[in-house]
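Look for chain A in each of the two complexes below; its partner is chain B in the first and chain C in the second.
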Partner chain A sequence: MSNFQVTVKEVDSVIVIATDGYLNNIGGEKISEVCDEYIDKGKNTFLINLEKSTVVNSIGVSILIEIIEKLQEVDGRLAYCNLASIVEKTFNIMGLTKYSTIYKDEEAGVSDLTS
Partner chain B sequence: MTPESQYKDKIDFYLSSLDELGEVLINQQGSTGITKAVLRIILGTMMASKGAIIGIKRTRCKVLSSHGVKSNYIEFKIDPNEKKDLLKYKNSNLNKTHLKKIFNSKKQDTLSSYFNSLDPSIVVPLFHKDNLLGIVALSKKFTGEAYKAVDRNVLEIICNHLTDSLYNQELIANIKDKRMELRLKVLELQTLFDISLSLNSVLDIEELSSEVLIRSVSTLNASSGFILRAQKNSPLLSVLSSFNVDEDKIKDAMFSKSSVPFKSIWKDKKSIKISNHKDNPLLIKSGYKECLVSPIIGKQNILGCIVLGDKESREGVIPFEKNDTDILEALSSQAGIAMDNAKLFEEINAAKRFNESIMGSIATTVITVNLLGEIDTINKAGKDLFGDKAKHIIGEHYSYFFSKDKNLCTAIDSAEHELETISELNTSLLTKSRNTKVNYSVAPLKDEKNSHIGLVVAIEDITEQSKIKNTFKRYVSKSVVDQLLDDEQKLNLGGEEREVTVLFSDIRGFTAMSEKMKPKEVVTTLNSYFSEMIDIIFKYDGTLDKIVGDELMVVFGAPISREDDAERAVKTAIGMVESLKKFNEKRISKGKVPVNAGIGINKGKVISGNIGSKDQMDYTVIGDTVNLGARLCSFAGPLKIIISKSVKNEIGEDYKTRKLEAIKVKGKRKPVEIFKVLT
Partner chain C sequence: MSKNPKVELSIPIIPDMELAATQTSEVVARHMGLSQDQSDEIKMALIEACINAFEHSKTEEGQVEINFAIDDNTLVIKVTDQGVGFDSNSVKIPKIEQKIKSDHKRGWGLQLIKELMDTVEFESTDEGTTVTMTKKK
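And now, the complex of A and B:
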C-alpha cells in the first residue's frame, strides 16, 4: 500500500536522506533502518530532505524522536530540510525542533552541519 | 591472609561495587544505559558469567541488558500466574528449585524459554510495591561456587536500588508519554483550527476534499484513506480524492449508498467503525483490516463520506478509538459546511457565467449602475459600442462617463429617484460620437427582496437603421423604409434583374419658363412643385429614383416588388396631374405662370442595384425599360399621361385609355404601341 521511497547520499560526511511519500510508521521505519546502517558504519550526522514528504503522522514523528535518541548516544545530530509548512508546524508541536534543526534547503543544511 | 583480612577485603569489594552503583545511578540516563551499567556491576560483584536484566510491563518482557545469553528473543511474554507466583518472593530471591516450580512452560517466546538459554541460578524480582517492573537473572558463578547468603544480600541491595531507578525511569517514561499525548492533542486541535481556516478559503471541491482527507489521515494516524462523493440521480459513489491507497484496489471498485456499509451511514447519518468483518464489502474492496467511515453532511443531504483505514502504531495496526471517531466527525462536519459553500460558489459561478453568456450574446448595450452611481458592469455589446472608452468604465460614475449626454444623465437620475423606467428613442449618443443614434431605457434594478440596488441602462445602437432610413427616406415612403427594416431579405441592394414600372415626369417648356423667372423663384417653384409631386409619389409607395433638373424618375417594384406596381404608377400619375392642376390654379390666381408636366410610364425588366463609384453609390434601375419610359414622357403633352402596352395590360379596364399612333424608338425595329390615360 505504501510506496515510501528513500534515496541516500553522503555529502561532506553528512548522510543526506531524501524521502518521497507519507512519513508514517512504514516511512519512519525505512528512515530508521538507513540511520542504523550508517550509525553502525560510524556516521553520526544526518540530514533528512522532506521535500517530497508533505504529510507526516505522529508515529512517523515518534520514530524520528527515537532516531534522535540513538544519535544522542553517539554524539550525533539529526536535521531536516525543505519542510512543508504543515510538516514544520507538526514538528514544532511534537517538540522535535527542540532536539534537531530545520534548514531551508539541502545546501544550507550541509553547509551548517559541516562547519 | 587471615579470615579477618579476607572478610575485610570482601567487604571493601562489595562497598566499592555499591559505590560504583551509586555513580551509575546518578550519571546514567535512560533504562538501557542504567541496566547495562548495573548488569556489569552485578556480574562483576557476583562473579557470574551470564546474566540479564529483563523489563516487564503487564505480560510483556523485554531484555534491557544481557551478557553471555544465546537467545533469539529479546521480547517475549510472561504468564500472569508466573507473575503471581513471583510476588511471593517480593523482598527475596529465587534459586533453581523455586524457578523450576514457577517457570515450567514449554511454550516458545516466553520467559520460561528464555530461562532455558540463560539457565539462571539466582533470580531477583524487581517489585515496586506490588508492581513487577522486571527481574535480574544470573547464571552460576564462573568460579563454580554456590551463591552465599552475603552474595544474595548484596544482590538484593543492588536490585533494590535498580528497582527504584527503573521505577523512576518508568515515571519519566510515563511523563514523556503524557507529554506526547498532550502534544498529540495540541496537534489535533491545531489541525481542526487549521482546517477550519483553510476550508473557509478554499472553494474548489477537489482541493478541499484532498485537504480534509490528508489532515484526517495524518491526525488519526491512519495508514491511508479516501473520500467518496454522492452523485446526482445515482446511488453510486465516486472517489473524489484518495491518499496513500492502493489505487488499483479502489479504482475499479463500485461503491453504492444503497449497499453495506453505506446504507446504514446514509440512514443514521453517523460514523461507523468496521472491523473483524471479513465479509464486509468495504474491507474487501479497500484491503483494510479495519476502517472508520464518517458521513460528510451538508445542509440538505449527505454529500459523501470519508473512509480512513488501518490505524497505525509502532506495534502494527491497532483499533480506532472513540476519540478518533469524534475527531473524524468534527473534521467531516467542517468538510460538509465547506463543501456546501464550495458547491454554492460553483452554482453562483455557473449562474454568473450563464448571465454573462446571455448578456454577451445580446446586441443591446447593458450597463449596470450601483447605488453610488458607479458603473458596475458592461456587456460585450457595450464594450464594442464604446471601444477604448469602455476600458476604464468599471467603477466610474455615470455622470462622468456620460458627461456629454446630459439627457441620458437626467434620465438615469430620474429613474433612480422615481424608480420608474425612462426611455428615449432615436437620440444621439455623444459619448460615442455625434453620428451615433440610439434608443435607450433606464430601469431600476432590484434584488430578490425587491429592494432597489441600482439601475440598468440599456442602449440600442440604431445608427445603421437610421442611416438606412435617412438614405431611403429621400427616395421612398416611410412605410417602405419600415418594411425594409422589418425584413432585410427584401432589401437586396446588390445588382439583380427585376420587373419594375418606371414613371417619368418632365415640365413642358421649363427652359423657356425659367428664362422669364429670377433664379431664386425658379428654385422656389421647383421645390414647391417637387414637394407636391413627391407627396403623391410616396402616397402610392413609389421610389423616387432621381430628380434631374425638372425631371422626376420614379420606380415602382424596387427595392420592394408588389403585384400592383403598374396600377400604383398610373394612380400616381393621375394624382400628380390632379395635384398639378390645383397647384396651377393657385399659381394662376397669384399671377404666376402654370407648371405643366407630361408623364410617361413603362413596365419591363431592369437591372437594379447600387450603381456608381465607391464614393457615390445610388440605388437605381437601368435598362431599355427605363429608356422607353423616358421616351414616353417626352411624347406626353402638358398634363398628359402616356403609357406603354405592358402598363396598359396590367391596369386592365378600370382606367380609361386611348390608343395613340405607335411611335418609332431608337434601337427598336417595330414601332412601339402607346396609350394615353384619360383623366
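And now, the complex of A and C:
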C-alpha cells in the first residue's frame, strides 16, 4: 500500500536522498537500504531532502536513528533539509538534532557539508 | 448544528490506515479554526496513538475506535483498542543517548503524544486501552 519513493544523487561528496511519501517503517527501511548501499561504496555523508514527506511516524524516524548509529562507525554525517514544521518538531522531541543537522534547503546543506 | 459536535470513526487494523484518521482530524481542526501547526500536531499525535493501538491489539482482526468531540474551545480525541492493555507508568521516557546504542530504537509514541497535545490520559485494562488527548484552541 505504501507508495514511498526515493531519488538519489551525488552532489560533490554528499549523497542526497530525496523522499516522496509517508515516512513510516517502509519509508525508513528504503532510506536505510540506500544508505547501506552507499556506505558499502565508501560514502559517509548523507543529506535527506524531506520536502515531499510531510507526514512521518516514530517508527520511520527510529530507523533514521539506526542510520545515525551506522554512520558513527564510519565517521559519517547525516543531515536533513526542507522539513515541514511538524517533522522538525518531531525530530527535536526525539533528539535527532543532537546527532544530525537540519538545513533550510538542499543548497545550504550541501554547501555546509562540503565546506 | 449541535453545540458540541462529535465525530465517530472506526478503522481496521491495516497498515497506514492511521492516515484515514488524520484526514478526519484535519477536517475537525479546520471546523474549530485551529492553526495549521495545531492541526499538524494533532495529526502526528493521532498517528502515534493509532499505531500504539494497532500494536496493542496483537492481531490484525478487529477495529480501533476514534472519537472526536468538540467541547467549547477544546478538541477531545479518544482512541480505543480492544487489545491486551499496558501500564503507561511502566513506559520509560525514551532518550536518544540510550536508544542510539540500543537494539530497540522504537518506543517514542507516548512521549510524542505528551509533547504535542495539551493533556493525555490513559485507561487500560486487559480488555483494551483508551487514550484520551485534548488540544485547546
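Here, the second predicted complex is superposed on the first by the 115 of 115 C-alpha atoms of A that agree within 3 Å, B and C clash if a C-alpha of one lies under 4 Å from a C-alpha of the other, contacts with A are read in each partner's own complex, and residues count from 1 in each chain.
Methods note: contacts are C-beta pairs under 8 Å (C-beta built on N, C-alpha and C of every residue); 3 or more make two chains touch, one makes a residue touch a chain.
Note that the coordinates shown come from a computational prediction; the quantities given were computed from them, not determined experimentally.
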Chain B and chain C placed together on chain A: clash or fit? clash
- Message: After the superposition on A, what does A:55 contact: first (chain B), second (chain C), both or neither?
- Response: both
Practice problem: Once the structures are superposed on A, label A:86 by its partner contacts, choosing first (chain B), second (chain C), both or neither. | Solution: both
Chosen between chain B and chain C, the partner touching more chain A residues is C
### Query
Taking the superposition as given, does A:98 touch the first partner, chain B, the second, chain C, both, or neither?
second
Notebook entry, point to check: Is A:22 touching the first partner chain B, the second partner chain C, both, or neither of them?
Noted result: both
Chain B and chain C footprints on chain A meet at residues 1-2, 22, 24, 55-59, 62-63, 69, 86, 89-90, 93-95
Seen from chain A, its contact residues with chain C in the complex are 1-2, 22, 24, 55-59, 61-63, 65-66, 68-69, 72, 84-86, 89-90, 93-96, 98-99
Note: in the complex, chain C contacts chain A through residues 14-16, 18-19, 22, 37, 40-41, 43-44, 47-48, 51, 94-97, 99-101, 105-106, 108-109, 111-112, 115-116
Residue set of chain A touching chain B in the complex reads 1-2, 21-22, 24-26, 55-59, 62-63, 69, 73, 86, 89-90, 93-95
Seen from chain B, its contact residues with chain A in the complex are 30, 33, 179-180, 183-184, 186-187, 190, 194, 214, 217-219, 221-224, 243-246, 287, 312-314
